Every structure is written in structure tokens, then in C-alpha cells.
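Structure record follows, encoded as C-alpha cells.
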Amino acid sequence: MSRADFPIFNAHPELIYLDSAATTQKPQAVVDALSSFYSKSYATVHRGVYPMGERATELYEGARAYVAEFLGAKSADEVVFLRNATEALNLVAEAWGRPNLGPKDRIVTTIMEHHSNFLPWQRLARQTGAELVVLPVTGNGQLDMEAARRELQAGASVLAVTMVSNVLGTVNPIACLAAMAHAQGAVVVVDGAQAVAHRPVNVTQMEADFFVFSGHKAYAPTGIGVLWGRSELLAQMEPFLVGGEMVNSVSLKKTTFLDPPHRFEAGTPAVAEAIALKGALEYIKNIGFDSILGQEAALLELLLTGLGQIPGVSILGPEGHLREGLVSFLMDGVHPHDISGFLGEKGIAVRAGFHCAQPLHEALGIPATVRASIGIYNTEDDVRTFLRGLEDARALFTGERQWTTSTASR
Amino acid sequence: MSRADFPIFNAHPELIYLDSAATTQKPQAVVDALSSFYSKSYATVHRGVYPMGERATELYEGARAYVAEFLGAKSADEVVFLRNATEALNLVAEAWGRPNLGPKDRIVTTIMEHHSNFLPWQRLARQTGAELVVLPVTGNGQLDMEAARRELQAGASVLAVTMVSNVLGTVNPIACLAAMAHAQGAVVVVDGAQAVAHRPVNVTQMEADFFVFSGHKAYAPTGIGVLWGRSELLAQMEPFLVGGEMVNSVSLKKTTFLDPPHRFEAGTPAVAEAIALKGALEYIKNIGFDSILGQEAALLELLLTGLGQIPGVSILGPEGHLREGLVSFLMDGVHPHDISGFLGEKGIAVRAGFHCAQPLHEALGIPATVRASIGIYNTEDDVRTFLRGLEDARALFTGERQWTTSTASR
Amino acid sequence: MDDIYRQQIMDHYQHPRHQGELQNPTRREHDSNPLCGDSIYLDLNIDDEGTVQDCRFHGEGCSISQAAADMLCHVSRGKSISDLAAFDKDDMLKLLGIPLGPVRLKCGLLAYKILKVALVKHAMGTDGVEPHDGLKPPSQ
Amino acid sequence: MDDIYRQQIMDHYQHPRHQGELQNPTRREHDSNPLCGDSIYLDLNIDDEGTVQDCRFHGEGCSISQAAADMLCHVSRGKSISDLAAFDKDDMLKLLGIPLGPVRLKCGLLAYKILKVALVKHAMGTDGVEPHDGLKPPSQ
């Protein structure tokens, strides 16, 4: 259905793309948004007193307003355009965290964080002397809520937590965590990288203080990411990067900065990418989360069932609990890299490795995993072909079958 | 000639775009590079063990190698992909400057710097106690080389200087400045934002230590910028942003980072933009700097002569000295904003304001200027129409002529 | 159609009626658009009844920022601060009468912004209480 | 055409000849590809003449990293360190025989990288001098 909207499957009709948790393919509408902007309205923003410059500014600021609406934010001024979720998390850690944290503070995060929501806090903790508390997961791959309650009650200045784990697929109860964290006066930083393309997000309802995501995981171009922050917090923060486009006035003696969000957008921003991000979110909205949730849940079910039937496969993440359309797994005696390499040659794209979540793999005592993840363009056939390919990989690498020409070609 | 390569002039046949110093329009080849990557080879880089992921990685790393070659760098590992020149300059100030500078150090920069090469040093100087020395310009709009020699000899740890002034058009003698700076052991940071699209750059020959530019001013997409750094320096630097894609290994106890350039590219990079940047630089190379320098110098000559003939116009920047194809000027009794607004309505795009160089405007004692700047697509007709429009603006705003319908429409 | 407004703007710009300084203003307020170099001072004489007795501007800037200031002075004179509290952004833009893009909007609204801030400060300064709703400084 | 190489890789992977540890290696070197979890230890016994008397590997990883390690041990045994200095990246890739994309290249070259580092350290350790040119650690 929506597969037809994605030109990549036109160029590669046989491609089975199950790596959407790493990055999503782009619908024609997004590719067109870029081409059309560059071909019809390109100019720099906030400056040109000529119609094309004004138009570009309107498009760029319009994209900001749309993102704000998409996230359920109160105001467009709470939306900062950056490169990716990683930059957004670094900005929060540096511009909000560094001046506000010291040796008495506790930074609470979880073992299931992506490196991008772990390393900025690990570094900050080391350099400020704050304590870094890492919440564990239960045997069922959920966040240990008992530990969360206990550790937050022991005092916390920040809770940095992912909305959806990119390895376990676990969907965390953000509103509940935020309530516990706020009771201690902590600031709640939510990593929404794995969420925005797959389930409705409302930053106001979940009572986050900061929320970040990357465009490229939500059908938008590379080079664009979003930081949403509560306006009271953004207003108190010093700039992160300094330079053109974010100043009020500059002189040798005294420099003053613009209000948020522009205070945090130094230099010429990723204008075209922001505009195309709006295109991508409109694409998602048009399909609708009802339909996306339904379709992705059905494929997830098929995937989990199929994987459960392959001998030697063990699946990570929660059973019988809300989870995202992504599954990481291990196969006895076959290295994840070999699985993904073998499938890759058959035109099936899945990911092998730590998925930028080494602490989680270390805690679970597993070396690396294979991850299959679902996007809006996947079909039941995709999942079935993937499962068949996996059977072949198993037979081959465990030595059950010999490598022949017919094994290798699809 | 090359105007036909730019789709914007297809959509707006009458457009006269003289704001290339702010940002350049994009040739079809660059728009196509984006579309084609997203439609045929899109995947995440450095990770996917499937052919499309490997192809994307090759394209991305190939773009890095091409940029290195374009800049005359010794190795692709010296090229870091970032968002823009501003981010690159902040990275140098923070990751190289902050740990290396203290109250005894002198940061030497110039009054003609863009805010992006001024504010990071101003902030760093304040926070580390280093002295900020700002070199003046001569009456002829050139860097005061006498002052440069004197101040550098008085001791300097950094020289941060632009290759080309975005207001004066002055082309600075970087190799000479670098030699003086190196004699004091200073690190030389060159802002190449206004240079790369217009004149050949060779970072090795100019003996820079760091060199930065933005893609969007060189016919490439928004969202991509380049930091080139000498490998010995990059190797000593701690990461700036931390997160996915830049680690060697992560654990609760100890985290180690990749070597440069990847150490400085946290999170999913602007893959498509980097690839299209290569397309843009290839486009420039194909036309050739001989031809670009010749064409732009001829238009500059026409522009300078024409402006000189309009009563009340005073031109900033050096006379009879190497300069870039951009001219900032003032017109007696007419506010820059009115000029650019008036011309804008006639389809002529020029910039009015401080051009992110407020300290320079302050030093020159002028409030704001109009700037016309030349790109590869401009023609003699563009310049002539602009000059005629300027005459009209003068007549109108000085009250020589009344506003009528015929004045307003082109 | 815009032409009549444009002519009017040019007229206010080239022949301002209310340019200058007041000798002893009860309030002087300043603001600027650093990006384009517009800079305006607004002098107000507000009497004890809260009526703007006199109002003048000076500074530099483009035709739109200057004409807007002149027009605003014209409107303000003789008005009470509660009348002026009701005068909003849209009224200011209607006064100018031509469409303004996002950048020039700042020029067109600079004097308006200054007036609003001045009135808030006046309200706070005279009776020391928080400004009531109609007098909140406009958000940028 | 690749198939014969693939079969060979599978064979070395499933039936390694040189997997294991040496009792008293003169040098043990380790490295890993953190991105994919390949981790290899290489044990060497180098005698006073500079000949690799024995060579074994252990660790974990994908078929390519493991097979490459096994093949490399096979090649190294009995060779002098100057012979091995001449053995370069391309030789290693020729040994593997299948095209490797940028990611799997790291798997294919992991053992090779470890060997090169081990030889450099050996050279430095035995005579305390800087390694000569042929023994520089390969740049990543």
C-alpha cells in the first residue's frame, strides 16, 4: 500500500527493508519537498528583505509551527531545529545540565538508553561530580519500575529516559516516570527517536521537560533533528553554539542573544531539511496513527510468532507487553553479523551489532544481536521472506547445509 | 551560461539573485544528487552489513575523500562533516581551544570577522581569561598587516581569521598571516565560508591548522558544513558532541572514542547532504576556477564601476586590491532596508543589514549596509538591471520622484 | 491598490510630523532591530489622568520603521493609556496598510513594541503594581 | 565464482585449525570491532631468530573475522617477522577472496591488524628501538 509511495522500492523492487529503526526510507513527497524548495523558493531565512527570502522564512518557521503541533507543544517557540537527536541531547546536557548540576545532584537514566542518551550524561556526571544512576531492566525487558521509584525518591535532578528502546522495543511509561521525577523536582528528558514515526506523541500530556527526535527515523531527510523544551527552561538557558543568526546585538564589549528557539540555532540552519521534515510528518499524519499502529502491530505479531518457531532463536524484549515494531534476537551458534550479511546478499536489510546500546548488551551478557525493525512500507511478505532467509542462514552457518550457488543467490 | 543549470531561474525567469554571499542557489546536479540518493541508495552509514548500507557508506566516505582533495588536504581523515561553518568554528573553539587556553593566552582575531568566527572566541576568552585581540582594518578596508605583525609578535596562541570578508570582500593574505602566527606557535583557524565557491583553496599551501566552510554557500544543500583540521591536532582533541556513531566502546565504567574524523561526528550524520556536497564541488571543479575567477571579476568590475556612478553611493572595501565578487555600500539618505525592500519587489535579491558583522559596522561607524554579491549564475544583465533599480530607489526615497504604480511594478 | 498606502508611508517618512525629542518626557523608551539597524526612541508625556499629552520619536531606520513611528505618535496623542491598551498589533498593521513579510514586520512593529513597553513601565512606575492584562508587553 | 572462497571461509569458520591458546606465548595481542562485537586474541611464539614458531587465536566473532584469523595463523606459522612485514592488507584480502563492503572489511582485517600491532610491539620490546618502516601499525 504505502510501499508505492517510496521510490527506493521502485529502484529495488525486491528490496526488503527491515532496518527502519536505524533510519527510514523516504516517501516521494519528502524527496519532492526538497527538490521543490531548492527549485522554486530557495533563499536564506530571517534576513532577506526580498520576497523569496520572506517565503523561505515563512516555510521554515511554518515547519517549526507544524512540528510543535505534531508534538502537542504549546508554542512553536519551544521547537529548536538541530541536526539529530544526538545533538539535541548534547545541547540539553550542556546548556541546561552543566550549569545546573554539581556533586550533590543525581542524574537518573536507564540501562536501555541509546549511547546518544547515555554518553552526554556519563560525561556530564564525570565532569560535574554528579552521580549517575542507571536503572536496570527486569527479566522481561521492561524498565524496572520498582527501582525507578526507589532511585527517584532517593533524589534526582534529571531523569533521562527513552520513550521506546531501540533494542528491546519496550515502550516506557513516560507519564508515570515523569510524575515520579517531578515529585523530586527533576527535569525529565525524553528521547523520542524511536517513537515519533510509530505512535502519537504529546509532550504536554506526557509532562516531559525536554523531548528530542531525529527526522531521518521519521521518513524525513538526514541532517534535521528536533529539540522540544518547555519554554521556561529554554528561556533560562545560555546558548550552546554561538555565531550568526542567534544574536540580538554584538559588540566587542557586550553581546546579547535572541530569545529561544533562535538562541539555539547558530549559523545557517538546515532550512530545506526542516521544510521537508514537515512534509514527512504530514505524510505520517495523513496515513494516521490508527492505521500505522494497527499495521505495525500485525507485522510485529507475525515477526514474533515466526521467530519463535525457528530453533535456537531467542528474542529480546518484553513478552505480552506493549512494544514497538522492532525485534532484536540471537541465534544459537550463528554470529549476528553473519546473519545480517547473509540476508543482505539476499536483499533483506536487517541490522547486526549493539545498535548503539552497548551498556544494555553488557548488562544482558550478550555480545551482539540481530535486529529487524518495521516501517510504514513493510508487508507480510517482507516478514515471511525474512523468516525464510533466517532459516537458510541457520542451516548454513550451523553446518546443517553446505554453501552452494543456490544458497547464495535468491 | 551556467544560469541554465539552476532550476530556480526556470521557476523565476526574471529573478536577479545577487545574494550569493548569504547562500547560493543550487544547480540541478545537486538537487538530483539528493533525489537520486534517497530514491536509489538510501541507508544509514557505517553499520548496515547489507549492500545498500555498504553503498551509502562508500558514498558518504567518498564525499569526505573528495572534499579532502578539493581542499588540498593530506588525508580524508582530516575532514569532519558538520552542519555549517558556525558549528565547525564552535567545535574548534570548544574542543581545541577550551582545554588549551588560559589567562596567559592571547586569541588574535580581526574586526572583519563574521559573528560565527567572533562569538566563539569572545565567549572562550571571557570564560578562560584569555585575552581577545581584535585586529583593525586600514582605511582601505584591508586587514592592518602592521597591527597583525605587532600583535602576533606580542604572543598569540590562536589566530582566527577569515579568508574573505563577507562585508568588505577583502581577500586576506592567509599564508603570510599563518607564517607570522606559526612563528609564535599559534594555531591558525581560517574561516573559508566566503572563499570555497569562488577561488581555489589549498589548506596545505596556506598552512592553516583548521579551515571551515558551509556547503550552502558553495552550491550545496543546507545542513552540511566542513571542518578540516590537521591530523595531529584532531588526534589530540576530545570529542565535542558524544553519542552514537563516534565510540569505540561504551560501558558504565569506561568509554573510548573512535579516531578522527568519526570522533567528531556524533549521531547519524547528514549523509545525503554530504553526498550532494560532493556533487556541488564537482560542479564547481567542472566549470573550473579559471573561468569562475574571470567571470566573477568581470561582473565585480561592472558592479563597482556602476555603483561609482550613482550619486551618494559610497562603497566599502578595498580599492585596487584583490577582492571577492561582493560589494557592500551605503546610499546617502536612503536606508539599506528600503533599498533591498524596493529591489526585492522588483525581483532583485540583495541583502541589507550588518551581514552578521556588527563589530565591523560599529568600528566603521556605519549603521547597516546593502550588499550585492555574485554567484556563478550571474550575468552582466543582472548587474545592469540591479544598477538601474538602485537609481530608481534613490530617486524615490530621496523624494526626487513620487511613488506611482509604474515605479512599483517592474 | 497598495500604492496609496505606500505613498502615505513615503510621506510620513519624508515629512514626519512627530519626529524629535520632548524636553521633559515622563517616559523615554528605546528599542532596536539589531539585524537591520533600526533604532527608535519614543518620548511620552503622560499626565496624571493617564492621557498621552505629547509623543515624539527619533532614531534611525528604514522608511517603514520611521513612518510607523510617526503614524503611531499621531494616533497616540490625546489618547488615554486604556485606549492605547486596546490598540493592538493588527491595528498597527492596518495603519500601515501594506503587506509586510516576516523581516519587515519587525520594522513595522518596532515603534508599536516600544509604546507597549513604555505603557507597561508607566503603569508599574506610577502605582507600583503589576500591569493589568491589557498592558502586558507583547511577546516578540 | 566467489563460492569456492565462501566455502573455504565456512570451512575455516566451522573447522578452525589454529583456534586455541598458547601455553606461554611470547606475545599475546587483543583487539575488537566494538561495533559488531568481534573480539580476537592472537597468541604468538616468536623465537630469537624472529621466526613465528607458533600462532593461535581465540575469541568470538562472525565467520569472516574468525576464518580470517585462522587463515592468518596458517600463513604466519614458520614465517620470519620480516616476511610478515611484507604481508599487507591486499594479501590478507586476497586470502579471503570475496569482496567485502566497508563494514565487513573491518571483520576481515581484524586479525591482520592485531598481527601487525603484535609484530611492532615485538620489535620494540626486543631491541627497544623504534619499529622500522615495514612494521608500522597499519592506520585504521
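Which chain is which? They are A, B, C and D, in the order written, and residues in each are numbered from 1.
Note that contacts are C-beta pairs under 8 Å (C-beta built on N, C-alpha and C of every residue); 3 or more make two chains touch, one makes a residue touch a chain.
Quick caveat: nothing in here was measured; it's all calculated off a predicted structure.
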Have a look at A-D versus B-D and report the one with more C-beta pairs in contact.
A-D
Reference chain A; chain at largest CA-centroid distance:
C
When centres are defined as mean Cα positions, the distance from chain A to chain B in whole Å is 31
Distance from the mean Cα position of chain D to that of chain B, given in whole angstrom:
46
Report the inter-chain centroid distance for chain B and chain C in whole angstrom, where each centroid is the mean of the CA atoms.
38
List, in ascending order, every residue of chain B touching at least 2 other chains.
47-49, 51, 53, 247, 249-250, 337, 341, 352-353, 358
Residues of chain D that touch at least two other chains are 34-36, 104
Listed in rising order, chain C residues that touch chain B in their complex are 2-3, 6-7, 10, 13-14, 34-39, 60-65, 104, 107
In their shared complex, chain A is touched by residues of chain C numbered 32, 34-36, 101-104, 140
Seen from chain A, its contact residues with chain B in the complex are 7-8, 10-12, 15, 19, 22-23, 25-26, 30-31, 34-35, 38-40, 42-44, 47-53, 83-87, 89-90, 114-120, 122-123, 134, 214, 216, 221-225, 241-245, 247, 249-252, 255, 266-273, 337, 340-341, 343-345, 347-353, 356, 358-359, 362
Once bound in the complex, which stretches of chain A touch chain C?
46-49, 51, 53-54, 57-58, 61, 247-250, 259
Which stretch or stretches of chain A touch chain D in the complex?
335-338, 341, 352-354, 358, 361, 367-368, 396-397, 399, 402-405, 408
